[in-house]
Amino acid sequence: MLEQVRKRAEADARTYGYFLHPDPEFLNDLLEGLKRNEERYGYPSCPCRLASGVFEYDRDIICPCDYRDPDVQEFGSCYCALYMRKDLYEGKTPIRSIPERRPPEKMARAYATSAEAPSGKAPTPTAPSTAVVAAKETTQVKKKIWYCKQCGYVCFREDPPYVCPICKAKREMFAELTLRTDAQG
Amino acid sequence: MLEQVRKRAEADARTYGYFLHPDPEFLNDLLEGLKRNEERYGYPSCPCRLASGVFEYDRDIICPCDYRDPDVQEFGSCYCALYMRKDLYEGKTPIRSIPERRPPEKMARAYATSAEAPSGKAPTPTAPSTAVVAAKETTQVKKKIWYCKQCGYVCFREDPPYVCPICKAKREMFAELTLRTDAQG
Amino acid sequence: MLEQVRKRAEADARTYGYFLHPDPEFLNDLLEGLKRNEERYGYPSCPCRLASGVFEYDRDIICPCDYRDPDVQEFGSCYCALYMRKDLYEGKTPIRSIPERRPPEKMARAYATSAEAPSGKAPTPTAPSTAVVAAKETTQVKKKIWYCKQCGYVCFREDPPYVCPICKAKREMFAELTLRTDAQG
């Protein structure tokens, strides 16, 4: 299972031309954190951030998080230092601490839900690890179809990505793609 | 023409951080196989698998096949050993035989069609190399719009991919995107 | 600002396995050109081509332009030599001049608009840098939803890409995705 987590991270790094943290022990700790979160929540949320346990509220911090690509682009590594640029991996550029890019309102929303969850009505379980996901997914978060005005990339999310995964255009290049009636996941 | 096939494979390898098989002769044989299939069927189906000649039934084995990314991730190379990870390319990890990941039902469907084709009604040709494609495409295979619940990637296929090409989430992270009416920008 | 332009180009090169031009001065000139265009037009159009100033007519030459991937695949570098393959970057293959792949009708359309713009009715500004974009975007260019018949990649553009960014299939593999009630291909 840890090997699966590692292989996914390696595959992801390969596609984007990133490197995983060079220190094997530090890297292992991060991968163990991802594995633990996947076991606990059903998805590998960021090992350096507190998850709420509600899929839709944690979606932006599921690894690779929404902030990874702009952070590697700007600072050379992601928040956790799991993914990094070659110059940092090779020690040519020092690894520095990365400011938290996650918007405060997303944190607030996640923490509010997290606090609510144990007291209130429990979600009806449908399958062992995806119960919470299924119960909450369609209700609280409004998703839209976005497209990149530069390259045309289409995605279905709450907000557009910070960086287009295809052409690297900035978030401002995304616009909503309006279809006549409504999308539902 | 062989050079085009090679360049496409090289471009594909570059994007995903893969390498093509290091042995020039073995590589050439695979590329020749792709070229032959492209000439015969109109699409470069896998040189190591038997194609049916019906586009939609062979779609999952058109190179790069649907199984390449999970196979490279798990075993270090694709079924043919055309695409591989750096450690295998450099001989640091031995190249091993890869189990066939293609589901038996897809094979059965393709072979059934393949056997049918010459005896029964021939598809009406519309253009030299895409005749069969056009004739069969819309009829037998039901495609859906899928999105990755993790990163929002949208695709239109029969089944979701095994691995999200954008964030590497597993197939289970894909859900169907249901749209009510017609598209407009 | 120049550093932002550089970082975006570097990120883009990393994802596709490309390299930026090895000569630091030549590279700087190209990046300065991109920066200048971004300041002038609101988007980083190609530093080696004449832009019209109308977003939709320049869209295909916004860097990375529509022609980069087929050009790197065929010739080893893009039109400007900003992006290149490793063998050219390392000087193993000489850098050659690349024929202009942009279709004459797109040039004609852009130049016609460019000449019109100052004389005729000015677009109503809505926001500082995106005014022209907003005013022209939905009117003159008809966009469609396209999907790659090979891998299912979906995009929303005037024409399909020359090369599928996900599976590298050729433009001919793209078809229009018409949405009626339920999706059908």
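By letter and in written order, the chains are A, B and C; residue numbering begins at 1 in each of them.
Basically, a residue touches a chain if its C-beta (ideal position, glycine included) is under 8 Å from a C-beta of that chain, and two chains touch if they have at least 3 such contacts.
The model shown is predicted, which means the values in this text are computed figures rather than measured ones.
Between the contact lists of chain A and chain B, the overlap consists of C.
Its C-alpha atoms fitted onto chain C, chain A is found rotated by 120°, rounded in steps of 5. In this structure chain B contacts its sequence twin chain C using mostly different residue numbers, the overlap staying below half. Centroids of chain B and chain C (each the mean of its C-alpha atoms) stand 27 Å apart. Within chain B, the positions touching two or more other chains are listed as 15, 17, 154, 165, 178-183, 185.
Listing the residues of chain C that touch chain B in their complex gives 15-18, 69, 72-74, 85, 138, 143-145, 147, 149-154, 156, 163, 165-169, 173, 177-185. Residue ranges on chain A touching chain B, taken from their complex, read 7-8, 10-15, 17, 43, 55, 59, 62, 64, 137, 143, 145-147, 154-157, 161, 165, 177-185.
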